[in-house]
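Going by the order they are written in, the chains are A, B, C and D; count residues from 1 in each one.
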Amino acid sequence: MDIENIKKEFPIFNNKVQNNDLVYLDSANSSQKPLVVIDRIYDFYTKEFSNVGRSVHYLAVAATNLYENTRTSVQKYINAKEKNEIVFTKGATEAINLVANTFGQKYLSKGDEVLLTELEHHSNYVPWHYLRKSKGVNIIFAETNEDGDISIESIEKKITEKTKIIALTHLSNVTGAILPIKEITKLAHSKNIPVLIDGCQSAPHMKLDMQDLDCDFYAISCHKMYGPTGLGILYAKKKWLEDLPPYQGGGGMINEVKKEDISYGNLPNKFEAGTMATAQVIAFDESIKFLNKIGIESLIKHENELLQYGEEILRKNNSVKLIGNPKNKGAVLSFTIDGIHPHDIATILDEDGVAIRAGHHCCQILHDKLGLSASARASLGVYNTKDDLDKLNASINNCKKIFSR
Amino acid sequence: MDIENIKKEFPIFNNKVQNNDLVYLDSANSSQKPLVVIDRIYDFYTKEFSNVGRSVHYLAVAATNLYENTRTSVQKYINAKEKNEIVFTKGATEAINLVANTFGQKYLSKGDEVLLTELEHHSNYVPWHYLRKSKGVNIIFAETNEDGDISIESIEKKITEKTKIIALTHLSNVTGAILPIKEITKLAHSKNIPVLIDGCQSAPHMKLDMQDLDCDFYAISCHKMYGPTGLGILYAKKKWLEDLPPYQGGGGMINEVKKEDISYGNLPNKFEAGTMATAQVIAFDESIKFLNKIGIESLIKHENELLQYGEEILRKNNSVKLIGNPKNKGAVLSFTIDGIHPHDIATILDEDGVAIRAGHHCCQILHDKLGLSASARASLGVYNTKDDLDKLNASINNCKKIFSR
Amino acid sequence: MNLKELYQEIILDHGKNPRNIGKFENFNKDAKGHNPLCGDKVHLFLKLDENKQISDISFEGEGCAISMASASIMTDLMKGKKEEEVKEIASKFLDMIKEKDDIKTNLVSDDQKTKLMSLGGVKNYPMRVKCATLSWHALLSALDDFQKEVSTE
Amino acid sequence: MNLKELYQEIILDHGKNPRNIGKFENFNKDAKGHNPLCGDKVHLFLKLDENKQISDISFEGEGCAISMASASIMTDLMKGKKEEEVKEIASKFLDMIKEKDDIKTNLVSDDQKTKLMSLGGVKNYPMRVKCATLSWHALLSALDDFQKEVSTE
């Protein structure tokens, strides 16, 4: 698959948006979908639809096999040891809530510490905050340095006897910082502390290898990974899935139900209560195939070139300030422009067909630290080109012109 | 829309399944999807895709409007008082878990009673069982009579001083019993007890009027209602949504996030954490339009005729035993055949293209009560015809023939 | 409608140099407004005298050009107005922002009306409507002694 | 492959009139199997004598024709077999059910092989595979003194 022409695999770019070509730089929010994924949803609903797992009729059996095929594909893609370590959720947010809730139930009590970082998305903070409220757990934040980065030392400094779990992002959705997860996990494990990784932003852009990272939990958002909306993945080591209590209760996750008691099913069913996002799971197999066809190496090379190019032109652009200068950086260009509020930037860029995001990007803690109420963010997907970044730059100039009237 | 020819709106019926015409009698499990819904998903992904609510660019604004339009359509369809009483979830199972968890947190403690019925689906039992484990709540089951029905008296008998909530199904997915929800709610409210209705099976088949029913919570599964998978709805009275704590934590549901504390957003955002099932919500608007086009009265008439016809022919069929004979019945024909296990029935029927379900249908309590380990279930959708039921009957005869060799 | 109409000079001017900034001493009513998705914030202070007249009004806040301009223009306009008048103008203004073409009230001069109408550009930018209305909702909330922070969403 | 092959007379016969039903007195190993989705249940009892030979074997249970026939045929076959032999036969049987065309072992007679092969029809009915294998998994679990109920899912 030719990565330079990959845009044509994405039908959204065949249409004009308000008479402009679409320059989509909001992939950290959600990625566009390749036609193969959209077609798969269509075909499944038009020719093969059935619920999975429960009926013995032909369509149900076929759907169940397809559903489980995706699980196997995901396992291979992220190099998990076992298929049953893959749990489908409605999103990364649910995946993190699942862990916070069940791990919290079983292992956290008053005075225990949960170690996060100042880079965390609200999805990796609010679920832990609940435990602060319900159990009196303390939440500790490892601090970012002036580059918007988290070093292993900043983590180490905050680990205490009371640290019961470390939960942190793999790739910051604001500064683009890529954290040294493997080293952090090693450190944590040397102190017997499990590690949860918020992989929302890393999953679409990096090689994923659970066995190499050795983390305990990894949360993924499929809609940011060229997959359908309404789907996420929790990877968890088998020992945890066996050990933790179930999360939601309902059909499909039970073994035996009596009036007095209930026993739960095997992995991964125990964590997949109720009717799952069948069509979405089945279509996500095409996202994985699509990514495999591109090849993670060429994807990384392509996106790194874009990122460097983007940083270069924005740095040259007067009064534009890039946010964060981390050692390793991926896929995200956050910035401010002196005297122009990010929301005004986003509105003006939009008029030129350039779709970016403005706000705190669900990272209020980080924005407070940076002394900003909001920032503008251009984020990359595999379909972006240097031309897109030139258009971004041109539109920023237009924006400056309007505001200097 | 001509209900007699409605099958042609569903593309699945254009294809042969293992060389047979598909006789789909598993709609209680999940319904097939009309083309308008499938097309909507396709169009949204190919031409309009963006995440909702967070970006100010054109596609995001358009998607947000579409997303909120569905909320309004649902509000009207179920006659809720306010749009913000509609919360999107990943399924009915999540909707019930949401209520059990948050209501349980705030209002239940040791010795309190949750009143269910013996008809309940595991989705409306397991979440309450968690509270039995965590808080020492007692679970009480109102008993079915020999017709597989629940009378208002059977509920009244079980209400005590300690009953804190009543949670029950509107339409049994096994016996087809339609419960007198309005009267039960009235009774419960006279004792200040809130009522949660599991509307999974009723929603696709009955007129829904929240203000008339006056229940406190109502859970709906969109995939059983001609909508996409991975989507459910929780209706809850505004006072409850304001009063109860949030369920999952993440982006989009917060107001302000500080290192020390977090405040939550307005309704319904407070209960919609993380990226939602955007495409599914937007496509579900077409399901509602589709149902509105048919008109609930003609839908009910059509399905009632089918149900009566089905009961008639099955009653005449020797050695077939219908399960349950409730006063009001909808859309479900559960049965056994003397000497043939339901799974064997389902396998043999499948070979004739007749898709039914066999098992305990996530209602083990009821099956225990009936002294059955499993039953066979043919369930109806708007696309079914008398011809489908004739084929069911013929295939049952084939089944009997095979087993009498 | 295009960007020029949204970012008219009057808005850029008030956005860059908002009037009536800062807390004054003897205010007797105040209210906060917050737009959680954008991060816009406004804190409004006012003194309602014995005649139910706004004798002074100011705000603190941060946000985009639209929200700052809106707060600036609003505070300029409301100084000296009676409570009843304030409510009437605010209601007409909010109507205009949402759907109406005009502001139908005699309580503002033609010049003031022009300024208010300049904010009407947001009509075509639905996500920005909240920016234009945030301070107005805060004003109504302050008058009603609502204790809760206004949150637009 | 068609239904006739799945529901062969031998299966219908064993399904309707399963052999070796009921708990016998002096069993020294037992195990339960449960198929949560179908509701099939089996409780297996066996007596392993001092020579590691199955001197008696029986089961209680309920389920479809396939699972009952499978348990019936299996218990018939295993009576008198040594533990090692049981494990070998079971492993070959499970291979056959999943993928192999044949049962490659000298431990069963041609007649017994025919009976076992009759259960191979489930290969084309993936949801029914668990029915055919439930009692076999229970058997292996009983020999291993596994305390947990076998659950196929």
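In this section, a contact is a pair of C-beta atoms (placed from the backbone, for glycine too) under 8 Å apart; a residue touches a chain by one contact, two chains touch by 3 or more.
Not measured: the values here are computed from a predicted model.
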- By the contact definition above, name the pair with the higher C-beta contact count: B-C or A-C. A-C
- Task: Averaged over CA atoms, how far is the centre of chain C from the centre of chain D? Could you give it in whole Å?
- Result: 79
- Task: Measure off the straight-line distance from the CA centroid of chain B to the CA centroid of chain C, and report it in whole Å.
- Result: 46
- Averaging C-alpha coordinates per chain, one finds the centres of chain B and chain D separated by a number of Å equal to 38
- Query: Mind pulling the chain B residues that touch 2 or more other chains?
  - Reply: 54-56, 60, 254, 256, 343, 347, 358-359, 364
- Item | Touching two or more other chains - residues of chain C | 37, 125, 127-128
- Name the graph shape formed by the protein chains and their touching pairs; answer line, ring, star, complete or other. other
- Query: Can you list every touching chain pair?
  - Reply: A-B, A-C, A-D, B-C, B-D
- Over in the complex, which chain C residues touch chain B? Could you list them? 34, 36-37, 125-128, 149, 151, 153
- Complex interface listing, chain D residues touching chain B: 2-4, 6-7, 9, 12, 15-16, 37-41, 62-66, 68, 125, 127-128, 131
- chain B residues within the chain A interface of the complex: 11-12, 14-15, 17-18, 22, 26, 29-30, 32-33, 35, 37-38, 41-42, 45-51, 54-60, 90-94, 96-97, 100, 105, 121-123, 125-127, 129-130, 134, 139, 141, 221, 223, 228-231, 248-254, 256-259, 261-262, 273-280, 343, 346-347, 349-350, 354-359, 362, 364-365, 368
- Touch list for chain A against partner chain C, complex: 339-344, 347-348, 351, 358-360, 367, 373-374, 402-403, 405
- Of chain A, residues touching chain D in the complex: 53-56, 60-61, 64-65, 254-256, 265-266, 269
